[in-house]
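Dropping the structures in below, format is structure tokens.
Presented sequentially are two complexes of chain A, the first with chain B as partner and the second with chain C.
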Partner chain A sequence: MQKKISIIALICLLISVNLHSGPTYQAPVLITSAGQSADVKLVGMLVKKAGIEHAVELAATEKSLAGKKTLIIVPGFSSKGLGAAGVSAQDEMNRVKALLAAAKEKNIPVILVHVGGSARRYGQSDQFIQEVGQYAKAMIVVEQGNEDKYFSKLSSEKHIPLMLVPKIAAAGEPLAQLFK
Partner chain B sequence: MKKNQINTIVILIVVLIIDLIAAREFIKMRYPEALSPASGLTEVRPLSCYNPYLKGGHGDTDIYIFDSGKPGASVLLLGGTHPNEPAGFLTAVLLVENVQVSAGRLFIIPRACQSGFSCTDPFEAYPQFYHVETNSGERRFRFGSRVSNPLDQWPDPLVYCHHPSGQKLSGFETRNLNRSFPGRKNGSFTERVAYGIVELIRQEKITLAFDLHEAAPEIPIINAIVYHEKCEDLALMVVMNLEMKNLEYAPELSPKNFHGLSHREWGDYTNVQPFLMETSNPIQGRLRGKTNEALVRFGKSRRYQEAQESGALRIAYQADTGESLERRIGRHLQGFKEILAVYNETAAEDTRFVFSGLPDYHELIQNTLTPYLK
Partner chain C sequence: MRVKNRRIFSARNNLFVLLTVFIPIVLFAQEPLATGKQGMVATAHPLATAAGLEMLQQGGNAIDATVAAAFAIGVVEPDGSGLGGGGAMVIWLNDKQESVWINYYHQASSEIAKINYTTKDRHTGKSVIIPGTAEGLLTALERYGKLSRQTVMEPAIRYARDGFAIDATLAGLLLDNTEIVTKDSASSSIFTDDGFPRMEGDLLVESSLAQTLQLIAERGRSGFYEGTVAADIVKRINREGGAMTMNDLKKYHARIGVPVKGKYRGFDVISAGAPQSGISIIEALNILENENLNSKGLYTQSGETLHLMAETFRRIYADRYAFIEDPAFANVPVQGMISKEFATDRFQDINLYRADPRKYVDTQAGNPFKYNQAVSKKKQSIETNRNVEWGDDVDDENASYDENEEELFDHWGTRRKSKSQPEKTTPVRDTVNVDNDTFKEYDGHTTHISIIDKDGNAVSLTQTLGTFFGSGITVDGILLNCGMSNFASTAAVNAVAPNKQPRSSISPTIILKNGQPYMIVGSPGANRIMTTVVELIVNGIDFGMSAQEINDAPRFYCQKFDDYLHLEGGISEEAANSVIRKGHNVKRYGNWDLFFGGAQLIVVDQDAHLYYGSADKRRGGVARGY
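What follows is the complex of A and B.
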């Protein structure tokens, strides 16, 4: 009898481990910018290298979320990027806010990936980071962008897991791990 | 003679003497500095070969050609598009005086806006010259204007209407070479120069083209590689590779709706893959403090250090070393080398560009400019 109980308990344990060891995040992934910097393209390259099914849209909207299971947002302000998109900084912020709200409504988890280092920090970049940080379930950040512990504080305040990497190329590994 | 007549004559003589001294100082800037090209130089060709309307004029700048005689890519490098950005010009000079090309051809225009080297910008208190120590003594270089000399193109319209896009900019920009591409064969003085450069790209079938610039530390597009969308994959790979070498560059996609710039118009009107690189130059900034030759040469500004420490805005300024010419030229050289290295990785053997003789960023910081400028 005890042996039967032990076997049943072991089977239950194995099933529960299996259930909880599935990927936290799922493909297909939508990758977009918050601030229109070209960093979103770098992240697209990393995700492609990791073999994760994805689409990159610089100015994604709610419609872009159709069929997507995870949203990766790459914050970083670029005046050239905004000029290329023909939008103002306020237009861009409105788009990002609407997209995040839609993702929340559809239960699509958000990952914040910041690879621009100190070049994509402060001023308007931080405003975009703050907005995305309200919704992010995980953050992957190149260390140079966290020299003042900005992301560390955000992680602590919002209880968001933070993965710091030394270089852009190193961000691929934690990204791949999130989808395993 | 009455006393007031004598006074008038004395004043006139004094004014004439001052004018003559000032005129002599202004005219000094009209003489180009001599360059000492490396042994691989095969030809110096005037830009008027690509636009006869430039012939013999102040826009007819020299193109230094290094033809290896072996199959390979043709590459163009521009310095001095804005003559008040010394690192762009001096990077081109360093290449002229050191590069060895073993496959392909290299076209270097150190003074793309030759006219702009003959004056400085009014109200900026820029020095006319700066000096660099070399193994053969001190060399003097001109610190020019951002735009063509108004003696070569005047007057400025109230509104500059870019050809052919119709984009409207401040009238001052009509003399800005980097707002004039693709240019016009017989347009304004600056448009003719722009046209000549674009024709060079077309006729010589240039594969990759570089335009080297600098900007104030407080502006957003700084320490950046600006690229046309057709070379995006290459640019992004370069940014990642440079980061592995501890050199951060921000990738910036050339906006499709901002016309006249090299990274936009070269890519739209020719088959070339264009890149524009920016470094941080404190003397161009609004917070610079004392504006003198030392600031050009060593890029050390207490005001920028204070601004950076205040955290009020993002400043691209290296507080411990300043933004020396070595650092700025080193960044341009490293970007140039890395872009070509990544290009060569996927190019067929007979379309690669192979070269040597140039220091990398760390060598330049360690050795300074002295051994590399003849």
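What follows is the complex of A and C.
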């Protein structure tokens, strides 16, 4: 038991060190989707609850970054969302790539927030996660989406801090911490 | 509403959960193909399949199993159907060599003219119309079932009361539709946790729904259509600006009639009539019969076949929008639309070398009225099955009505009046003015169940709430439909009227070979239902595929009011490039996309006396035989 507690404490410490040594995140924040799932609205609710100034744009472009200091991207593929937006998966991928490149050019840090669990994993969802993961400076993930350790692997490969939370509602806390 | 907010894994009564929830799921999951000699059940959820199979193994017939599975699917797949919605089933009674269509689709209230519905009202009380599911399922059970109401409803009650694990499909849909289910406090308390959607693996308990189901099990239809449940529904709908009376619910009855019937390459096709879309299935097959598809190659590989089928689909949708509505309110040219002569006309309208007209929206309806009367007379002379009471055929004047239907027609009055209307001699395409929401709908909502028993009795059932989670409003555990969204929003074909049923894409279908079931098939998927069902039938009949191959084959979709040919992953580049060269705008999807439906189908090997069941991997369904 004591050993478990020690390991958890160590992990928390490492995360804490990573967070503090990483970039600082400032509002206002632009929140957008990568894959057009409705998960982006849930993250919008969490950010609002945390009292962080933000705007949610399902299909944000480079122009949307004007005046923004942080970009939160919520990956998750949704046929329904793409259909409603009237875009193909390739169109969406192109938009996401262009946005990420623009954010990098403007030195706007990217946070990946994955709240869809297993329902937003595998297939085309993973393609969007992979793309956003190339640019992300931090990841907040509902742990069900990491059952195969996909995000853990991405985190260690890219040296990005990963904050795992047990359920969607709990993702608000680490989000708020990032902006403190 | 008491909702247990916990994960399956932390449940106190782990043993109970293991026995009732996990074992059926583990046993049935990940087995899309099944074989059986005594019976076969294919549904969109392992627990609904288990409910149906349980009835067959208790000595029930296909109707008992279907009713049990349909009540259960409304619990375990609450997004797609349930007590608050409606549907239809086509029954094949093998010993009598007779087919029956039970139409229990939801219908507008008598007071509907009082409300001013717009498309923005989809998730309000204004969108709710009279639910038909309980009435339809109980009618089927009373007329054709063998087991008691309590027996067939027990699994559904058990699942609602004790809970079940949310599967990946429902979890994804909750994410997609959080806004809908959080607008209503009762829905929110069931489907969300701390205001956010419940996730895969969470235990979903629907205590109020269990109580309502129990009431129906004890009291029959009056448990839903009269008394406290009915009063609660009426009160809630009227409070939200809708219009429904206790009398509307009390007077609602399922319509029992003759399915529409056609022939395709020697096979009998039996499906749901107007205002549902079996007519379109038969029309499409009739058009395709003008070519030898097998020699051209499967549409996944052959651009020629893909083009022909796409051009066919454009035309059946144009005809559907122009002519199909509730036949109690209009002269629907059913016999003309399913005639071979009309299909020949429509086939000759197809340019085999290019998309023509170039824009799908310019696809014109044909004129089925030209063939309506002659075929009706011919049909009268060859139709010998007169044991059913009501059909949507234009020649139904000789049909007899039972007490319920008399009451129904007295109540409506309008059907008889419609008969005295002069027959239309020209297509009404210029009056087509459809609800745009219909064409922005990317949901694959609705659900399908296919079942066959040891005696060869078969049922194909499709039921729905309108769209995923219907109106989003829950009353006494019942998630209510948004049926108003299925009507056209302006005064045109399929316009709303008191006591009228809206047009629906649902197309539960049974195919016979030599007078015995060959395929029981259907799918959810909104507007994609018809194209999916036609593709499944073509895969089986023209290309001799096995049940699993039929279901696994990539699909495509197109229609009049959406200028894209939607291609699922797996359709070859060569075929896709060929149709692009012919002028189609192509939109590509990944493999096995839920957009293209979730078919549950059974194929019968008549020589080996074996049933093959296949559940669609696009939607987490399960087929199981024994």
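Side notes on the structure shown:
Here is the rule we use: the second predicted complex is superposed on the first by the 157 of 180 C-alpha atoms of A that agree within 3 Å, B and C clash if a C-alpha of one lies under 4 Å from a C-alpha of the other, contacts with A are read in each partner's own complex, and residues count from 1 in each chain.
Note that in this section a contact is a pair of C-beta atoms (placed from the backbone, for glycine too) under 8 Å apart; a residue touches a chain by one contact, two chains touch by 3 or more.
Because the structure is predicted, anything quoted here is derived from the model rather than measured.
Aligning the two structures on chain A places chain B and chain C in a clash. By the touch criterion defined above, A:Ser88 lies against chain C but remains apart from chain B after alignment on the C-alpha atoms of chain A. In the superposed model, A:Ile168 lies in contact with both chain B and chain C.
In the superposition on chain A, A:Thr32 contacts neither chain B nor chain C. In the overlay built on the shared chain, the residue A:Gly123 is in contact with chain B and with chain C. By the touch criterion stated above, A:Ser155 is placed in contact with neither chain B nor chain C. By the document's definition of touching, neither partner reaches A:Asn146: not chain B, not chain C. Look at A:Thr70: by the touch rule set out above, it reaches neither chain B nor chain C. Once both structures are placed on chain A, chain A residues 37-39, 41-42, 45, 78-81, 83-84, 116-120, 123, 144, 167-169 are touched by chain B and, in the other complex, by chain C. Residues 168, 171-172, 175-179, 193-197, 199-201, 440, 442-443, 587-591, 593-595 of chain C are the ones that touch chain A when the two sit in their complex.
Taken together, the chain A residues at the contact with chain B in this complex read 37-39, 41-42, 45, 77-81, 83-84, 86, 116-123, 144, 167-169.
Residue ranges of chain A in contact with chain C, taken from their complex: 37-39, 41-42, 45, 76, 78-84, 88-90, 115-120, 123-124, 142, 144, 167-169. Of all the residues in chain B, the ones that touch chain A in their complex are 220-224, 226, 232-233, 236-237, 239-240, 243-244, 248, 250-258, 311, 313-314, 316.
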